[in-house]
Amino acid sequence: MMASVAARELADGEVVFVGIGLPNLACNLARATHAPRLVLIYESGAVGAAPERLPVSIGDPALVTGSLMVCGMVDVFQLLLQNGRVEVGFLGGAQVDRYGNINTTVIGPYARPTVRLPGSGGAAEIAIHAQRTLVVSKLSPRAFPERVDFITSPGHRSGGVPRTQLGMPGAGPVKVITDKAVLEADEATGELVLAALYPGVDPSEVQAGVGWPLGSRPRLGRIDPPTATDLRLLRHVLDPKRLHLKA
Amino acid sequence: MMASVAARELADGEVVFVGIGLPNLACNLARATHAPRLVLIYESGAVGAAPERLPVSIGDPALVTGSLMVCGMVDVFQLLLQNGRVEVGFLGGAQVDRYGNINTTVIGPYARPTVRLPGSGGAAEIAIHAQRTLVVSKLSPRAFPERVDFITSPGHRSGGVPRTQLGMPGAGPVKVITDKAVLEADEATGELVLAALYPGVDPSEVQAGVGWPLGSRPRLGRIDPPTATDLRLLRHVLDPKRLHLKA
Amino acid sequence: MRDAIARFVHDGDTVVIEGFTHLICFAAGHEIIRQGRRDLTLCRLTPDLIYDQMIAAGCARKLVFSWAGNPGVGSLHAFRRAVEGKGGPPLEIEEYSHFGMVARFAAGAARLPFWPMRNYMGTDLPAANPRIRHVTCPYTGAALATVPALNPDVTIIHAQRADALGNTQLWGLVGVQKEAAFASAHVIVVVEELVEEAVIRSDPNRTAVPAMIVDAVVVEPWGAHPSYAQGYYDRDNDFYVAWEAISRDPDALERYLDDCVRGVSDRAAYLEKHPGLTARLKAAARFCSGVNYGF
Amino acid sequence: MRDAIARFVHDGDTVVIEGFTHLICFAAGHEIIRQGRRDLTLCRLTPDLIYDQMIAAGCARKLVFSWAGNPGVGSLHAFRRAVEGKGGPPLEIEEYSHFGMVARFAAGAARLPFWPMRNYMGTDLPAANPRIRHVTCPYTGAALATVPALNPDVTIIHAQRADALGNTQLWGLVGVQKEAAFASAHVIVVVEELVEEAVIRSDPNRTAVPAMIVDAVVVEPWGAHPSYAQGYYDRDNDFYVAWEAISRDPDALERYLDDCVRGVSDRAAYLEKHPGLTARLKAAARFCSGVNYGF
């Protein structure tokens, strides 16, 4: 469901910086349905990838074979990302806060963490430079605290300062796609608010998974369930081994 | 003769940044005689070139075909030159002064030149970064003034300040190969002094071609004439059309 | 070519036709002359014959460069006349070394406002060009030279092949073409051959410029002559030698422009004016082997 | 391999084994473990399984990195235990993002003391790592983030092929190998295949690392397993999945090291321990066509 909802956010021909897992599934679903000319960029250096199998990692050899361009990582970060060529960035994270700040670094204090997470990878700079980012994460009070323990990837407001004042070129996390609803950033405050609900979900269920008093758009959208085509592609073509779908 | 003398300055296996014309001839002569493993780098991006014909320009296609590596010019200047990998740089110039400063920019004032020369190209940074440079120029009072009109490529002392104080990594122009003698930089003062004479040349002839009172090494070297092999290679193999030899 | 130049090159623009000896797009320069563009700021490491022609034709207001000569031959005389005040249209200049120009394109491509380098100590270049400045390293305290980013309005690059969308592959000397293209607001790619997307996809490490930054693809065989295209045709060294006499004489230069540039409608007509040229310069076959991209 | 590691990797050195998923030289990491090196500062964008093994084996004093996980699978548990203070040798960390690490190698390769970037505003990374600093642009006055150069004592890169002198070609994902090699005081190149110099010279645009910066060439087929070599063998994703359970349990990890690293003399013996592996992972043939280098 999340993969299908995320796929709909991608317009044909857009340049997308793809992370592994669900974002990768969403991008390849979009490519197989309404956006055949989506340009997939992986931070590993594959541009315009056309993987013949679902890549297990963002450095999978299937991303190279038959891609349009393979470049070094200096070029990925300077000529593509910092240059402003990435239209959509996908981010996930252990924690997402009220202003869309994301933590993939540590749970607990940095010097003595309870859980050491992998760290930024390319996420910090994707959050800063992509023209817009989409965040994908399952709702839970632990995953959506009011403040993250560590800001790995900045959202709309960091230390009280809005991102434009901090000089970030991209628009930041415009949508957060969860397993129950889609949150959007309020244009004025940068705060994440409820924007649309999955079929059969009550707003109180969303609030229960979020650690701050969740605002709401004046009129809530309704999210259509995945089409039969989407489900068939996801289950039988894109991820037959259920590497990502079961998660 | 100059090509042959310059060739002797190159040791086998050295990495040489090659300019067009006489330096190119000298390097290819060295490669054909005592230094078969000389690594020729051209600022155009050809590394380890093995040209099958004498290249007319430093961007000749013959420098690419069969070379060890072709890289972009960002890499040439950052990864090879600024990185300190170039052991020998060759420079020529319209004017060479008392301290080995070279002018290839203008004769006369910069804003209103009498003669506009081509400019630096890569010469300024070669003079700064190559571990040592060899200068090749014919003697004449006009070509060897006490001070050049414009310092394109710095020598041993610029504006009275020694090059080490200016922070230049390379040793600078250790030898100046002319058509009558070889000048060397005095280690203490950085001034070019007479070091060795061509057969049959009197020191006064050298002084006549230099615009400052020319000092001298305590003991002058004697330069052997080109070997028969050198002459045969230069005239019949390397430059049969006399593109550079006549000049 | 006509449409691409009309659409993306405007009077007053900052224009780059790059290529270090190799893959210099003379066809595009000629079309700019034919369309009578004015007040251009022309940027390029080595202005070469094509900018000498554009200067003579009155297209340029300013030249940004690092080495202005006829490589291995002599001078660019239209350029020299302008700078020495000996006739021809006036020309402002902004001068760097090669490393400086390369760094300006690198900064532009990375969308950084400047590029640091260890350079220019002891030279008179910073005195001649106040845009060469310094920055202090926040770690060592050392002073480093800087050059400002160069972000042209349009960059024109010539390449061996591209697909219809503009995914472009070139080999042999690659100069600063990739950086110039990424630094630019618009990019025109001119190719010897249009190929299927599958050809590009068969060897993705050879792609230098992706379609996402390309605005127009022009197919123009022999479009780089008298420059060359590795694997397609050799450099016309005879023409470079001949240019010395042509450009030295303003009348001869004007006749050349009338005859071979303004007097032809396009590159095909230019080639018809030079019978025997393609047979004389066509490249020999020296194919490398392919590599395995399988997994 | 034994000689190259003995000669160029010393206790206390700053060591880089690069490769982004692709061409990670496990064979070199294993030899370092076998030779019992200590107090190494290990640097790498993605520490991956090989650094998890080296951390568990007690080779590392410090880790410099930007993403420490088992891609697509889970955690590097030896790394996590060290950082979370849950057993195993202590480990100092210095952390960047990928762009930061890439820029550190780029600065090191260019022998600049720092690299500027538009990055890190709004993140907590500079607070966690005081080596992330700022510089003021001498043209715009804008503040730019900086990272310091990284210049390792030794970098080990794995490649598809090189000649005997070390002129090295790789394709597929090339990561930051070129920059890491140029940044380093010493370079060890490990290849799937040693080829004649003529093979390298037939396609010079594919050469990433020239012999002049290479100290040792080691021929080690399958030396990147469980990582992969495009055109030679596929990634052993099953082993990456299996690592989750092995590394989660310190005893299992120790048994793995005893069995597959310390318990074998070299890569050939390692391959003998994994019968069927080469047949399972051998790459299919997907050769591209060559291009013409003639003139």
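Lettered A, B, C and D in written order, each chain numbered from 1.
What we mean here is this: a residue touches a chain if its C-beta (ideal position, glycine included) is under 8 Å from a C-beta of that chain, and two chains touch if they have at least 3 such contacts.
These figures come from a predicted structure and were not determined experimentally.
Novice: Quickly list, by label, the chains bordering both subunit B and subunit C.
Specialist: The shared contacts of subunit B and subunit C, listed by label, come to D.
Novice: Count the smallest number of chain-to-chain hops linking subunit A with subunit B, moving only between touching chains.
Specialist: 2
Novice: Measuring between Cα centroids, which chain is at the maximum distance from subunit A?
Specialist: B
Novice: Given the two chain pairs A-D and B-D, which is bridged by the higher number of C-beta pairs in contact?
Specialist: Per the contact counts, A-D leads.
Novice: When the C-alpha atoms of subunit C and subunit D are each averaged to a single point, how far apart are the two points in Å?
Specialist: A distance of 37 Å separates the two centres.
Novice: Between subunit A and subunit D, tell me the centre distance in angstrom, where each centre is the average of that chain's C-alpha atoms.
Specialist: 28
Novice: Please tell me the distance, in whole Å, between the geometric centres of subunit A and subunit C computed from their C-alpha atoms.
Specialist: 40
Novice: Note the residues in subunit C that touch 2 or more other chains, in rising order.
Specialist: 111-112, 117-118, 142, 171-172, 174, 178-179, 202, 205, 228, 230, 234-235, 283, 286, 293-295
Novice: Specify, in ascending order, the residues of subunit A that touch 2 or more different other chains.
Specialist: 46, 61, 64-65, 70-71, 82
Novice: Let me make sure I understand the interfaces: which chain pairs count as touching?
Specialist: After working through each pair, the chains in contact turn out to be A-C, A-D, B-C, B-D, C-D.
Novice: Applying the document's contact rule, which stretches of subunit D touch subunit A when the two form their complex?
Specialist: 20-22, 45-46, 65-69, 71-72, 75, 79-80, 83-85, 95-99, 102-103, 105-106, 117-125, 128, 142-143, 171-176, 178-179, 228, 230, 234-235, 237, 240, 283, 286
Novice: Inside the complex, what are the residues of subunit C that reach subunit A?
Specialist: Contacts found on subunit C: 109-112, 167, 178-179, 182, 197, 200-202, 204-205, 207, 210-213, 293-295.
Novice: Quick one: which bits of subunit A touch subunit C in the complex? Just the residue numbers, please.
Specialist: Touching subunit C from subunit A are residues 15, 39, 46-48, 50, 61-62, 64-71, 78-79, 82-85.
Novice: Going by the contact rule at the top, pick out the subunit A residues touching subunit D in the complex.
Specialist: Within the complex, subunit A contacts subunit D at residues 20-21, 43-46, 56-61, 63-65, 70-74, 76-77, 81-82, 101, 105, 110, 112-125, 128-129, 150-155, 158-159, 161, 163, 166-169, 243.
Novice: Quick one: which bits of subunit C touch subunit D in the complex? Just the residue numbers, please.
Specialist: Listed in rising order, the residues of subunit C that touch subunit D are 111-114, 116-118, 131, 133-140, 142, 144, 146, 148, 160, 171-172, 174, 199, 202-203, 205-206, 228, 230-235, 283-295.
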